[in-house]
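Only one structure is covered here, and it is reproduced in the block below.
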Amino acid sequence: ADVKPAIIYDLGGKFDKSFNEGAFNGAEKFKTETGTAYREFEIANDAQREQVLRRFAGDGNSPIVMAGFNWAAALEKVSAEYPDTKFAIIDMVVEKPNVKSIVFKEQEGSYLVGVLAGMASKSKTVSFIGGMDIPLIHKFACGYVGGAKSTGKDVKVLEAYTGTTPEAWNDPVKGGEIAKSQFDQGSDVVYHAAGGTGVGVLQAAADAGKLGIGVDSNQNGLQPGKVLTSMLKRVDVAVYNAFKTAADGKFETGISNLGLKEDGVGYAVDDNNKALLTPEMTAAVEKAKADIIAGTVQVHDYMSDESCAY
Amino acid sequence: MSNPYAKLPVWVDYGLIPLINLLVAFLVAGLVVLLVGENPLNAAYYMITGAFGRGEYLGFTLYYATTFIFTGLSVAVAFHAGLFNIGSEGQAYIGGIGVALACLWLDRVLPWYGVLPLAMIGAAFFGALWAFLPGWLQAKRGSHIVITTIMFNFIAASLMVYLLTRVLKPMGSMAPQTRTFDAGGQLPKLDWLMGLFGLNIGNAPFNISFLLALAAAFGCWVLIWRTRFGFEMRTMGHSPSAARYAGISESRITIIVMMISGALAGLMALNPIMGEQARMQLDFVQGAGFVGIAVALMGRSHPAGIIPAAILFGMLYQGGAEIAFEMPAISRDMIVIIQGLVILFAGALENMFRPAIGRFFAGLTARAPAARQAKGA
Amino acid sequence: MSDIAIELKGIDKRFGLVHANKAIDLTVRKGTIHGIIGENGAGKSTLMSILYGFYQADSGEILIDGRPVTIKDPNAAIAAGIGMVHQHFMLVENFTVLENVMLGAEDSQILNASIAKARVELKRLEKEYALEVNPDALIEELPVGLQQRVEILKALYRKADILILDEPTGVLTPPEADHLFRILAQLKAQGKTIILITHKLREIMAITDEVSVMRRGEMVATRPTQATSVEELAELMVGRRVLLRVEKGAALPGAVKLKVENLTVRDGRGVTMVDNVSFELKAGEIVGIAGVAGNGQSELLEAISGIRRAAAGTVLLNGSAIDVTGRADPAELRQRGLAHVPEDRHHVGLVLKFEEAENSILGYHREPTYGKGPFLDLGAIRREAEESIRKYDIRPPDPRLKTANFSGGNQQKIVLAREMERGPDVLIIGQPTRGVDVGAIEFIHKRIIEMRDQGVAVLLVSVELDEIRALSDRILVMFAGRVVGERKADAPEGELGLLMAGIDGKMEAAQ
Amino acid sequence: MDFFLSLVAILESTIRLSVPLLFAALAGLFTERAGVFDIGLEGKMLGAAFAAGAVAAVTGSVWLGLAAGILVSVALSLVHGYAAITQRGSQIVSGVAINFIVAGATVILGEAWFRQGGRTPALSGSARFQTIDLPFADALRGVPIIGPIYSELLSGHFLLTYLAFAMVPLTWWVLYRTRFGLRLRAVGENPGAVDTAGISVVWMRYRAVICCGILTGFAGAYLSLAMTAGFVKGMTAGKGYIALAALIFAKWRPVNVMFACLLFGFLDALSIRLQGNPLPLIGQVPVQFMQALPYLLTVILLAGFIGKAIPPKAGGVPYVKER
């Protein structure tokens, strides 16, 4: 096909073992399947956003997919300058005629891993570690709390954030230390939504003989047998689809909000964690999933009112 | 404090030696490029064409340079008073508050030229405020300014995050940034200036804060060399004991100079906030305060040296981005290395080649008429 | 042959532009005390530091006991049996005496054993040479005299056969100096060789066997002490007859210009440096303050001129008080007619990196004549600088030249021109001719007398007793922070010397 | 009892967090006591963490990793030494330069070699340090008071943790009880005295700088090989600066350094622990405030409310005998 796709990662970097890496995997999958090459770029600072967008657009790349909500403002400007170029942005809504906005219902996926955590916990205390303290991450936390509490009123959920600067995505030392502090407070399952910081969280959980829960990509393999599951956010699928539909000439603009129903989020089961999931847990989580898809259970979206109802 | 080496012609002192130091810094950076498995010559080519190859690229180069002129001046002014302000980074960051407040308040009411003066005052005020505290602590409590300004950089980061995530961020938005300003909060580009040279600015955010930076550079020159206050601060910078003797209050100078330095750093915020992004976002300073150290060292703390040094670093930033586009193995962190190397060779090792150069020139002038070093009395 | 301890041949040394030693030859015989004299900056310290390996000669040869040696560092000198007491003591101030003596001569990696051994050895040396000092005292708590003792002990501890003393008596009171000379005599009796640097001719005549004279980096003569005289040495030193007496008429003192009452100054550590000092200074007179360096003169000057805060007391300038215990401001005092030539021109009186013209307004830079409002008028400043350059014959006559590039004498003239040319009521001068050559000394002395004759009240501090005696109308002697006596200008030198040592003849008699 | 247990937990976290500070601050103690100031601790630590992580990942040996960390940090120290001692350049500027060079180089090289966004591959097994249980730790665990203190607080740390704390008396002993220490302190107070005593000032200072390199090497290796399992870009996150502050706070004395590092470690541990838990009386404290607290406290403490910190007299100035 006659497409020149391009992907641009966010500050965390291509190999963050989570969000950006998911995007990269989607692009790679597209490349191996279709044999079509794509261009990519990792920005190093915010000032580069518009610059790289214009450059890629100016070079005739389309579609240009960008990973991360931080791209919104730049995209808003540049998409108007290149009306013939197709853009896709993940994690944010930009309402322009040539932009596809892909957002996820992370609260739904988080709810599921919350259910698993609540059931796996012996101490009835589980915990959450976020990266940067921003609403998007609270969205993860809130869904998780909802899921965990759904397994019993007495389940306690600890919640903490690594920091408030972008470095918070990249501080495994601190992540590990926060995890240990939560273990000391009784937690025995920890879910992270903290990018690179999460590597330290999962490590600390494994070291302490507790369970970790990965995020975005399937992180079960990072500490085999020590990661209960991973909350999958199918960024890879989103990127792959964007590339693929464009290649097939079926690229659609507008908002797509991917939840459990669309298979945009989910939880990971593989050889690494099979043994950790009891049949009851599997049953409970599948039921929750079905309920959510059916609409009988509504998972609260933190970003709708910036507060968590659980 | 005496000049440890024989006198050299001015152009050698201020031109040749910095140039050689710079060259060595680039040579070492070239080695790093080799280590990564890329061709340094290619990198150099991309860097130069990427920085100057097109009107747009030049526009970006000058856009970055604008920022670095402000921070370079900030560091240099403090240098003249013998103060090492490592805190320009934090001061610029806090200075952003002033710009943002002015824009958020008035961008829908006034045109840009109405907002700009207020934004300038705000930037300078907040930057000065953030420098006042370390200055005051040094003057009155003797806490070392290098250490306190480092601490204040960290504190500024925390404070700004708090403000941007809790206070200034519009409801419902996720990114830690203010809302986008309307026309009143956006500075006009200098496309006409580039146009004079037949260049097309393209999308480059090269804006009128560049002219402000040039004015600031001139102002600094006047301040340092043409005012009584400048005289006092240079006296203190060269010899605190002579300053005391001359009745110059060390604490007064320290505090005022730090505030001027902080104000200059704060003004830097105009460029990215009003000149480019039209909003204030997290970490918009992007290390420019630290680049200022390198710029001041390269430019020998003289405005006339700081401007070219700032353009040089603008070139590094813009050209470096182009390298990163063209050579996947090299990311923008290359620039951080080069920056460090420039600081090392132009700063800490500035005298490494001086003896050899001195000897060379001594050889040249040996036969010149008896040196003007007339013996007195 | 073997009675030669040291032979230096063609030693040459440059520091940048300064040619400190020019092809110097020197022979020192074993078991003698060899004096080296010369003006400030003649190159004495440099030569000895080369012998001690502290500096490296650019060319030349060193022979010890007839054998050529290369002394590439102090270690080699120590190994060759050379010890040196430096002009500026080389002691670690917050270490004890014992640690200082041991430093560099510890004989094991672990200190304990070395300490015990050093303690014993130190006791022995103390006894042998009557060099008593508490081994556990911190250096910073010792008076200078004792600090010098530690330096000598350091050399002896290293078993030096050749001992170099660089201006050892500059910081000593006459009795202390006498004690030192007794020790030197004793060392000589034991067969040690001693090189003594000084510019006090009296000391040379009293104790040395031979004396060498240096002038402007050259070795101009060596004489057996017996065969020379003070006059000859003085002439050799400066290259012509010295004018010790300054021509001046009688003083006509007028109104009291400066009145100091019960002034007390403490240093950073709380040690009293100036102790309840009172005196008056009248228009048209020169009051000299004599004393061995470090007896509070510097602190007195600094307190009066507002650089240093006093602990107690009052100072009246032209009848109105100076806030010496609070925030006396040197700038304000200048406006009120008090000019100050500081002792240390390099670090205090001048900014060496400034142009001459800039230094010519240092402290007066706020005056309206130098510009409008906050701005400086460089043209006016340079024009005025050119004028004082002419008047004071400052060379080279270039107001834009960096001050560091002027010689010491010319630098001093820059300071003097600045402080004298504004018609002050009171002029405070510290060490007006330190490190200044003879031609300039004459000029400076003349100017000071002229100021007096114009009715300026002059307060003069100098460690050169000759200078004090030549210029002053009245002499105050300071010892241990107190004014221990006031004498007429023609008081005998011996009496002043005793006062400087803290011995008041009359009080002594009374007791 | 509950309070006691959480106190033990906070203290345990304090120990973990103060180890890199302690190594780095003691490293700074060595050079600064010898008269060479060093704000490049951060960069050296980062370089060491990277080298340690990279080599351990490639070789699978924690010891080779440690050695590489030390090697790199010593090499960086020598660069600082060359600039500050041999070339008599500004020590602050040289330190700043090293921080930059390392911050950039670790990312560039890490990305080029491992292609994981500046990270080194995660370490496991013998490629990283394992915790050590002190004898009888398990047996004593149940005993009240003593049990938690011994088995939780004191036992179960890394070899490097114990080494760091052992370095405190060792440093004290070296500085105050050996010839090397005597000379080192002397060279920071009055290099002229050392020079005329026949000791090479330059060599003395270089040795001090090398000691600093070795200790920052440990600090860095602790971060990437013990505390976590691998290197991540910028993982020192300002610890070098905090160590420097601790050193000043401790007035350049070894035992004080330990307490200062423990204090800063404690603040860090506390801020982690307090997150999300409202404080009694004060209520909910913004995270940002807790995160800025160590820096704020440092500033307040530096402002002289703890008496004056007088640095080594010859510190920060190059030794020049011939002008």
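When the chains are written out, they are named A, B, C and D in that same order, and each has its own residue count from 1.
Convention: a residue touches a chain if its C-beta (ideal position, glycine included) is under 8 Å from a C-beta of that chain, and two chains touch if they have at least 3 such contacts.
Predicted, not measured: the structure shown is a model, and the values here were computed from it.
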Contacts common to subunit B and subunit D (chain labels): A, C
Rounded Å distance between subunit A and subunit D, as computed from the means of their C-alpha atoms: 35
Whole-Å gap separating subunit A and subunit C, where each centre is the average of the chain's CA atoms: 76
Whole-Å separation of chain centres (CA-atom averages), subunit B against subunit C: 45
Chain centre separation in whole Å, for subunit D relative to subunit C (CA means): 46
Contacts with two or more other chains, residues of subunit B listed in rising order: 2, 4, 158, 161-162, 331, 333
In subunit A, residues with contacts to at least two other chains: 42, 133, 163-164
Multi-chain contact sites of subunit D, meaning residues that touch two or more partners: 118, 288, 291, 323
All touching chain pairs, where touch follows the definition stated at the start: A-B, A-D, B-C, B-D, C-D
Complex contacts: residues of subunit C adjacent to subunit B: 16-17, 305-307, 329-334, 340, 342, 344, 347-354, 358, 361-363, 365-366, 370-371, 374-376, 378, 393-396, 402, 404-407, 409-410, 413, 436-437, 439-440, 443
In the complex with subunit D, residue positions of subunit C that touch it: 15-16, 52, 54-55, 73-75, 77-78, 84, 86, 88, 90-95, 99-100, 102-106, 108-112, 114, 154
Touching residues (chain side subunit A, partner subunit D) in the complex: 12-17, 20, 42, 133, 158-161, 163-164, 167, 170-174, 176-178, 180-181, 184-185, 196, 199-200, 203, 207, 222
Subunit D contact footprint on subunit B (complex, rising order): 2, 4, 32, 35-37, 84, 86, 137, 141-144, 146-148, 150-152, 154-155, 158-159, 161-162, 166, 290, 293, 297, 329-331, 333-341, 343-344, 347-352
Subunit A residues touching subunit B - in the complex, by the definition given at the top: 41-48, 50-52, 54-55, 69-70, 72-73, 81, 92, 132-136, 163-166, 303, 306
